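Reviewing the structure listed below.
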Amino acid sequence: MRKKKREIVMDFQAILEEIHKEIQDVLLDGKVADYIPKLAAVPLDKFGMAVQTLDGDLFTIGDAAENFSIQSISKAYTLILALQFIGEDRLWKRVGREPSGNPFNSLVQLEYEHGIPRNPFINAGALVIVDIILSNSKNPGQTLLDFVRQRSDNPGIGFDNEVAASEKKTGFRNSALANFLKSYGNLENDVDSVLEAYFLQCSLSMNCIDLAKSLMMLTNHGLSPWSGEQILTKSQAKRINSLMLTCGTYDAVGDFAYRVGLPGKSGIGGGIAAFIPGKLSVCVWSPGLNSNGNSLAGTLALELFTTKTGMSIF
Amino acid sequence: MRKKKREIVMDFQAILEEIHKEIQDVLLDGKVADYIPKLAAVPLDKFGMAVQTLDGDLFTIGDAAENFSIQSISKAYTLILALQFIGEDRLWKRVGREPSGNPFNSLVQLEYEHGIPRNPFINAGALVIVDIILSNSKNPGQTLLDFVRQRSDNPGIGFDNEVAASEKKTGFRNSALANFLKSYGNLENDVDSVLEAYFLQCSLSMNCIDLAKSLMMLTNHGLSPWSGEQILTKSQAKRINSLMLTCGTYDAVGDFAYRVGLPGKSGIGGGIAAFIPGKLSVCVWSPGLNSNGNSLAGTLALELFTTKTGMSIF
Amino acid sequence: MRKKKREIVMDFQAILEEIHKEIQDVLLDGKVADYIPKLAAVPLDKFGMAVQTLDGDLFTIGDAAENFSIQSISKAYTLILALQFIGEDRLWKRVGREPSGNPFNSLVQLEYEHGIPRNPFINAGALVIVDIILSNSKNPGQTLLDFVRQRSDNPGIGFDNEVAASEKKTGFRNSALANFLKSYGNLENDVDSVLEAYFLQCSLSMNCIDLAKSLMMLTNHGLSPWSGEQILTKSQAKRINSLMLTCGTYDAVGDFAYRVGLPGKSGIGGGIAAFIPGKLSVCVWSPGLNSNGNSLAGTLALELFTTKTGMSIF
Amino acid sequence: MRKKKREIVMDFQAILEEIHKEIQDVLLDGKVADYIPKLAAVPLDKFGMAVQTLDGDLFTIGDAAENFSIQSISKAYTLILALQFIGEDRLWKRVGREPSGNPFNSLVQLEYEHGIPRNPFINAGALVIVDIILSNSKNPGQTLLDFVRQRSDNPGIGFDNEVAASEKKTGFRNSALANFLKSYGNLENDVDSVLEAYFLQCSLSMNCIDLAKSLMMLTNHGLSPWSGEQILTKSQAKRINSLMLTCGTYDAVGDFAYRVGLPGKSGIGGGIAAFIPGKLSVCVWSPGLNSNGNSLAGTLALELFTTKTGMSIF
């Protein structure tokens, strides 16, 4: 009861406002991703944050309603979809669930481990996940759109075709990964279709509120808090959270777990979605990245959030 | 309040008894560590488990009071001691906090990363931690003994000199690691002293109850629940838990997080100490190991524990 | 003069006949390359050998006049062409000249060395060489054909389109390598054009006699012994020979140098072209491969040749 | 006959003098090895060169008679001794003969290849070779001394104990390698004895003339040109030369073969011994090293030697 009471009185709005002030010092220290023109053009001073509680409250600050390129955060959606399609047993035969200890788009470990990506959140693993969706859906792009629109209750969510086109144009390393996977027999579909679908998913354009809402099943043990649908089993939800904690933030998972202490998935567009199971989801966006490719101000904001709220899974 | 009530009525003893029955099927499937005669001689059918709650209750089953070689679990104690000696800022300059993606005694990553071990729980990292203690204590063995005896309220805890001697006799790879670290300038003390202290710490002989009690500060946000001493700051306790989750179970951290979902530290003697922050510590021992070097029945027991209690950090 | 005399009296024909007999024992022990239907269909008992001396004599045995897929031996021709196009200074900025210590189509070293292939004879290096030719020739296929036809005085030499098509169909790893090189900025032309030209060059269909004749400039210090043209400078010829010795036979260069002791270039079709500078070129073909991807009977035949003739560069 | 004549009239002394002049420009560009005080103290402007022909002529220039620390060149002697003790079949089971593609004291490949060093000239391989000698000689240091004194006809050759002591004091990486080898079961003797003998062999103090004379059996197909003894079989001599060419100059074998085109063995003391089988041995010393750890002026001197004499094995 003590705990419950503390949560009720916690003033999330005030906390977000404090955080908003405190991150200003580092807001311009990050570096915007520049391999794609449209990402490079995002102003460095953007910052948004949204907290969605299981009780149904939504708190926002700054540019929380502004769309950005969610990039790798989309790997959370496709993992959920692939689990729905083929289940855990078949999925974990084709992708591992261990942290990689190598950059997210490295080919080294893939070669040493004979084409089995270390986990679904490095690019090689995400390509296998896309391949699974492709084998089970006639239109994987539409399947993904339907899912995120429904889960975030925002029918306006779409892909950014300019970003998708740029990804394709510069995606030689992803193309190398896909061809490498194919050489090991770990892609069922043809390389070009897999890449097409992958570049599309990376181009999803969403905002902090959409993200916070759409992934509430991870906070709520697999259940949608609104529709009451069982999107994932309780155990699957727990497991995706554990995967995010050990593999969700590129090669900085240790540092992120150490500082923030929450399961989360980051994207090179500067977004991070994080979760306190049983309580809330908290999403942040700020385009300036640190040297690990995670949002610099965003990581600090989440660190401040767990410090100020005293909420952590540890 | 609902939550609090559920915890009160939870019958841990009954759960331990169920687990004890259910793990019998796999008890003989593991493989006892055989690189040291005394470890090789431990009967495969040993199994003990202890749960220590923050409320002060202790529940045990099987061989929970029987001593075994805690081996790498000792790395949790030495990390705490090193943090007390030199603090976080200095410590993290010499050891990383990222999962390694490589076997616990691998030299590969150490070479690629120029002598900075990935984290304090792989052997290379533990050697650096021991070096820190050596630089700050005249008798590191006694310092460690004093710490575990006091924290577990068991003055009878000691080293197993036969095991320590065997470790030394067969410890060529650890010797290679120590010399390699020295070649990179990441050991202050001489190689032999570091190895001596390291082999000694691995030989700590304790039981599940000792382990569960001695690490309660990790469950209790850094505070000893008995003496009330602040062993670690709240944030240090949280951070050690996050390190355990991302790095504590050799190269199976992903699998362990996925199945068990708790921060924990395992040892090749078959022990595992795990934590539910704010609630309890749970320690298990069974000498048969799985292919990753973690206790086979022990991992299953912890998985059953989180499933049956519904307790998980995720 | 003593030496000269010994060469004159050396009965190469008798030696080839002895070798032909002695390799029969192992002829069926090799394994035909089976990743392409047409290679897989070559009978295991094929064996041909041709010796072309600087004095102008040609000695042959077995299936020396039968065409086979020369595969990676073509990398010798393209290296010569690329040197003619852009010279040594520019070429060695884009490709190294060190042995790789890794399989010929490995991506590991390429990643560690940031897109600079170790040498022009591993696949990654050969792709860069093809890229150089593409940047300097409107029709690289025709340029290559013209070169080998003229150098071997056989206008009938052509590509095997079925083999080229199969290479393309199964060439995912080469496609991965090309995309990887492109991601590092080490391909000037588009990935598909480079791959197209590469698969074509691998499909060159030639026989032992063609090979022995066409590469005589390597035996003759860069000079064509027939036309008198200076194809390569003396120093370039010497250097290509040294490259062959240190990098020409996949990851068995040490074993090949140890047993045969001649510079040579092998192909997965079972051909090997080797050189005794100042004296002769000797080419062998037998489709059964050893575990390193070099012709099993072919390597033995060359070993016997150096033993029986007493000729070796060492 | 033309060739024979050219050799007779070749004025090696004049060539050495030309080389001596031409290398002056780069003499001070190298960097003296500085991990050992005595090596660090060698003046950068030292340069000596000696040519010993099979005809019995000796040509020298500069500091050819001045002793220096031959370091890794000693690996040639120990390989010959080990071959004499246990023969090729047994030796090549414990050490490979492939170039490594990694630094000479790397542990990476050793781990991937489970304790079998790539070749006898990287440090790990040399430690195995020393272990073989230790198993077959009561006093390996004396055995080595006897060998080099007899082969160079200089009873004054000795070890430099100060260098040996320094090697031991700073030899953590070699100690790591030895312990690592022991952990894989690839050392028969205890680690300390192997290291002791290894550090001793590295401290051999010899001059260019000694080196040139002592390894003439590699030029003369295994036969001592003076005593007529068969030190190695013809085939062993040929094979050691091929090993030197593919593995003798650290991770610059490709570059060395490319520029110099002779089998050779270098040492970090700045010495290089090279061979033109059937003709001569040529040894050079200059302490300034290039970035690969080979003598900078020494490599250039050998390159000039092959260019000016037109002698090359290719």
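Order of writing sets the chain letters: A, B, C and D. Residues in each chain are counted from 1.
In the analysis below, a residue touches a chain if its C-beta (ideal position, glycine included) is under 8 Å from a C-beta of that chain, and two chains touch if they have at least 3 such contacts.
Given the structure is predicted, the values throughout are model-derived calculations rather than measurements.
**Student:** Can you tell me the least number of steps between chain B and chain C, where a step is a move to a chain it touches?
**Tutor:** Each step joins two touching chains, and the minimum needed here is 2.
**Student:** What are the mutual neighbours of chain C and chain D in this structure?
**Tutor:** none
**Student:** Could you pull out the chain whose C-alpha mean position is farthest off from that of chain A?
**Tutor:** Farthest by centroid: D.
**Student:** Taking each chain's centre as the mean of its CA atoms, how far is chain A from chain B in angstrom?
**Tutor:** 31
**Student:** Can you compute the centre-to-centre distance for chain B and chain D, using the mean CA position of each chain? Integer Å is fine.
**Tutor:** Here the centre of chain D sits 49 Å away from the centre of chain B.
**Student:** How big is the gap, in whole Å, between where the Cα atoms of chain A centre and where those of chain D centre?
**Tutor:** 56
**Student:** Mind pulling the chain D residues that touch 2 or more other chains?
**Tutor:** none
**Student:** Run through the chains and report each pair that touches.
**Tutor:** A-B, A-C, B-D, C-D
**Student:** Considering only the defined contacts, which chain D positions touch chain C in the complex?
**Tutor:** Interface residues on chain D, with respect to chain C: 1, 3-4, 96-102, 109, 118-119, 235, 237-239, 241-243, 245-247, 251-255, 257-258, 261, 263, 277, 307, 312-314.
**Student:** Which part of chain C faces chain A closely enough to touch in the complex?
**Tutor:** 106-108, 111-112, 172-173, 175-180, 182-183, 191
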